[in-house]
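In the two assemblies presented below, chain A is common to both, partnered first by chain B and then by chain C.
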Partner chain A sequence: MSVFLSLFKKEFRTSFLSPIAYVVMFFFWVLSGGNFIWLLQQMTSGKSLMFATQGIFGGMVLTFAVPFVVPLITMRLFAEERKLGTLEALLTTSVRVPELVLAKFAGALVFYAVLWLPVLVYLFTLVRLCPQEVVGFPDGGAIWSAFVGVFLIGALYIAVGLCMSAMTSNQIVAAIASFALLFGSTLVLTFMASSSQSSSVQVLGQYYSSYVHMLDFSRGILDSRIIVMYLCNSAWFLFVTTRLIEAKRV
Partner chain B sequence: MKRYVTSMKAIIAVFLALILSLLVGVAALRNPYRIDLSTRNFYRLSNRTIQLLEQLDRDVRITVFFQEEDFLFDDIDNLLEEYEYRSRYIEVDWVDPMRDVAETEKLASKFGVKPSQLVVVEMDGRSQVLHMSDLAVMQSVPGRDEPIMTAFKGEQAFSSAIQKLSEGKTPVVYFLLGHGEHRLGDFDPQVGYSDIATAMLSDNIQGEDLILSSEQGIPENAAAVVIAGPTQKMSATEVAMIEDYLSRSGRLFVLLDALVDTGMEGMLRRWGVVLHNDIVIDMENTLRGEDVHIRRFNPDHQISGTMGAIVQFILPRSVEPPLDENGMLIVEDELQLIDPLCSTSEKSWAETQLSDSAPPKYDPDTADRLGPIFLGLAVERGAAQDQLDVQIDPSRMVVIGDSDFVSNGNMVLGNSRLFMNSMNWLLDRDEKLPIAPKPVEKVRLGLTMGQLRMMGWINLAAIPGIAVGLGLLIWSRRRK
Partner chain C sequence: MIKVYGVTKKYPARTAVDDISFEVKRGEIVGFLGPNGAGKTTTMRMLAGYLPVDAGQIEIAGYDVTLHPQEVRRRIGYLPESCPLYPEMRVDEYLRFRAELKGVKSAARKAKVSEVKERCGLEDVGKRIIGQLSKGYRQRVGLADSLVHDPDLLILDEPTVGLDPFQIRQVRELITQLAERHTVLLSTHILQEVEAICERILIIKNGRIVASDTEENLHRMLHACSIIEMEIMADREEVVARVGTMDGMNVRNANELADGWLWLEIEADSPALRVDLFNLVVSQGWVLRELSEQQHSLEDTFVKITSDKGEA
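This part shows the complex of A and B:
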């Protein structure tokens, strides 16, 4: 455990020492801020109580911004270490590969959580701006559920990004591969879920589309089927990453 | 060799992990658990619906004819997700009427309706059609062209439909023949009633022909009798049989055309329906002259209260309750309720000089009457029985001053809606499960332009500025 904590601390520190981290942060905060301003404009003309949480968490802008941002966080995790040769050095120590993978995963997840911190400011703003006669706005239950969704989707995307980073020593290749996979799948699955004329394709899209899931999460729905899907897929990508790194050790 | 074996082991392990992951996913799909953490409970199903769905033992297919742009789309989608979760017998199909044209046409002919903004619930070959007004409470707002939704009553509509279909009863409605009436089996593109027959069938109502004779009265299983546009006079015996049926908690739907003496005038007068020998003309609400577009509906009656669409009558006649000189309703029977359903505009009139070859014109010196003119009535007798221990069903009758409005050539706009609403009222099908509609709660943020601008600075400059500041700080420290 102490090895994991040491590795995690190192990953955490490295995340915040990288200049690209602040570029990502700036980009994401501008996008989410713009999304929030659009939401405020919409709400001046009167919207349903659910609109706010769905607008903050489930909007199209963020659905397609996250698949763009996550590869920028994960691209360096293994690719950089491989390029610098520090990975091979690390693998010669007693560090176990699953610990290493989990530490990098947790470090990236914490950085991803930091990206979502402005949401607290948005929610505080909504509470302050809400007329006194409206009770229960924003919806506390829906906010908790939305954060669960944000965490699960982030976990899967980071696991995918980590896996791509473990496959190559080139950060750009890792980023492009992750972006292609995450953005492409989000686009295709959202299309399948909403526009497919075949009901079986539509069901498949609805099962895997993070856009559809985020709409449900942000209205307070926690569904075991979706949660298990995210956990299983994240675990599988982490497992593949572990095997890829272990292959380097041999 | 060792490297090859290790690689193979890794590939097999990855493959097995994938299978394990899929198996866990399938297990989760088969044993779903779903909770709604929202405090609004907008889509949370009532105990009544949960009980109904738990008792369900046959497949229910719900076909939704809505576009993604329709304002009810998300509400229906989210609610039906809860139905699907609660019962594996519920299957939901979405059809976009604009995009899935072939599928829409196929289903349009199957259900006999124009499938746009409606939901069809099917079970065991029977079906029920739910319109927008069954799903949402709409209210007109001053300054807005379109009415706004004030409450969502989807759960009440879906659950009531499922319950009715699972009860398995198909009411039989008899259409009287023998006097030149419209026939359900007539596929004539103009005067036939085959389209409305299909619409009835899609709403789980079976239509049968009926010819009255001294041996053959009105069958015991008649849920209602329809007299659709007779062109010949009925015998006194037939009228007496019909009145006898009506007075014994019967349900009668009468559609009468202008300039026809049906022999039922006296009977209808006894039931509070006054017929005049006239044709109603409304020059401001017509396209061809012979048609009259009705926009005024009685909002307080179950038949007309949810219309929401114009009805087009062809050369209609007036159908009025007994009125005094001031136009006030004369109450002839305390136990009888007479409700007008629809009326024409103030500019219309009931033309009584029908033999004139000159163009019709309102003439105050004749028996012509100025609008608004009533064209439909709903009559209910024996409804108030609070003082009795036994419950006796009331007699119900709907009289409309036109029979062509639901013929194959004229079933446009809200015509079939008026017919089906009338039919459902006659068959007591307006009763819904006691599930309260969910009011649409809205929040309006009172932000001035100045405040909005300030929010823009905070969220688009100040917060991202923190990232820039931190980045520069780290960069300068690392340089040192």
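This part shows the complex of A and C:
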């Protein structure tokens, strides 16, 4: 346990030492800020506050920005260790591979959570601005389930990014592979979900599109099937990462 | 301390290590030599438990590397080739982190870290960022890291590569000091290093151990006859004829030096024949100013082992 904690602490600290971290924060915060401004404009033109939680969490900007920033967070994790040779130094101490994978996963997840911190400020602003007589806002349940959704989607994406990073010693390759996988699948699955051609295609899209899931989560719908799907898939990608690190040593 | 039985490692395209066996006893300093690509690093990685063996068995301090990797790792300090470090961390921070990973108890951690810093001459750079240190200091940080959990066995893969002569001497002194408390296996291709610090030499070529002995034994094994050099004041023809008739001796070279002295290179069955040469000189009334046995350098021996013998 203490080994896991020191690995985790190191990962968390290092994620704030690289310049990429600040580029990612800048990019993500500009987008989420822009999304908030767009939401405020919508509301000045008469949109209901009921729509606010959904607008903040389920908006197109964030749903499509996350698959873009997660590869930037995860590309470094194993690819850099391979390139520097520090993976060899790590794996010849008492560190076990699953411990290392989980520590990197947890470190990236906490950094991802930090990215979402400004959203708390937006929510707080809305709550403060909200007139007394409005019913249905703030909806605590919807906000909680939206955060659960943000966490689950982030976990899966980070697990995918970690897996891609474990395959190569080139950060660019890791980033592009995970970007292609995450962005491509989100795009295709979201189109499938809104397709009216075939109902089977539509159902499949609705099962897997994180855009569709985020709309549900931000309305306060916690579907246990979807939660289990995210947890299982994340676990599966973490397992594959572990096997990759164990197998691919040179 | 180390027992290696019939270990083989295959990569997709080639066999890196082919059925090698050797032993290293507690307290020894063993030099691991070989040309580039001979399988030194692969062997060391297998010893450290980083690469799995394809066949054979490695035992370190009585534990099998494959079956008890954690027990083995606790007992070895491994410095990988090219000394990998995190460039963004500070020296103190890095050593503390490594001590944590190696299971040094938190109560002892601070003392351990400052002890290895002192042993490796890093007291002044504790607050510096590793990426900004010179190569020599980075190498010392790597060494300090391999020592921090007080291992029984040190496996050092080219610990002095890329250092200036002064730093090499420092690292060498450090390794010699370490040998009082630890068993050391180090690989290098700098032969003077092995001559200076190692008690025993293992030579590997094309994935096979081709020699394993002390330096003197290797020389003796390879150079059946000894070469005697002599400088005398005498007539060239006469000397060559006289020496040629003596038992077990053969003149290889005889040159007149610029100052009129005669320089001879003689192949002799044993260095003890120098006495016979001296007696000859005295009986003939020649003047002698030098009589010595030529020392073989490790370089000659190494080249001979890795070229002729390996192909035989």
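Quick note on the criterion: the second predicted complex is superposed on the first by the 243 of 250 C-alpha atoms of A that agree within 3 Å, B and C clash if a C-alpha of one lies under 4 Å from a C-alpha of the other, contacts with A are read in each partner's own complex, and residues count from 1 in each chain.
Quick note on the criterion: a contact is a pair of C-beta atoms (placed from the backbone, for glycine too) under 8 Å apart; a residue touches a chain by one contact, two chains touch by 3 or more.
Keep in mind that what you see is a predicted model, and the values were worked out from it rather than measured.
Once chain A is used to superpose the two complexes, chain B occupies space next to chain C without a clash.
When both complexes are overlaid on chain A, the residue A:Val95 reaches chain C alone and has no touch with chain B. Within the superposed three-chain arrangement, the count of touched residues of chain A is higher for B, of the candidates chain B and chain C.
Look at A:Arg225: by the touch rule set out above, it reaches chain B but stays clear of chain C.
In the superposition on chain A, A:Lys47 contacts chain B only, with no contact to chain C. In the superposed model, A:Val3 makes contact with chain C only, not with chain B. Once chain A of one complex is fitted onto chain A of the other, the partner contacts of A:Ala235 are limited to chain B, with no touch recorded for chain C. Seen from the CA centre of chain A, the centres of chain B and chain C span an angle of about 160°, rounded to a multiple of 10.
In the superposition on chain A, A:Leu17 contacts both chain B and chain C.
Using the contact criterion defined above for the overlaid structures, shared-chain residue A:Gly85 touches chain C, although it does not reach chain B. In this overlay, which is a superposition and not a single complex, chain B and chain C have their closest Cα atoms 5 Å apart. Shared contact residues on chain A (touching chain B in one structure, chain C in the other): 17, 250. Chain B makes touch with chain A in their complex at residues 2-3, 6-7, 10, 13-14, 17-18, 21-22, 24-25, 28-29, 31-40, 42-43, 68, 78, 81, 85, 93-94, 99-100, 103, 440-447, 452, 455-456, 458-460, 463-464, 466-468, 470-471, 474-475, 478.
Within the complex formed with chain C, the residues of chain A that make contact are 2-3, 6-7, 10, 14, 17-18, 84-86, 88-95, 249-250. Chain contact summary for the complex, chain C toward chain A: residues 11, 45, 48-51, 70, 73-74, 76, 78, 80-82, 84-89, 97-98, 100-103, 106, 145. Of all the residues in chain A, the ones that touch chain B in their complex are 16-17, 19, 21-23, 25-26, 29-30, 33-34, 36-37, 40-41, 43-50, 52, 118, 121-122, 125-126, 129-131, 134, 136-137, 139-142, 144-145, 194-195, 197, 199, 202, 216, 219-225, 228-229, 232-233, 235-236, 239-240, 243, 246-247, 250.
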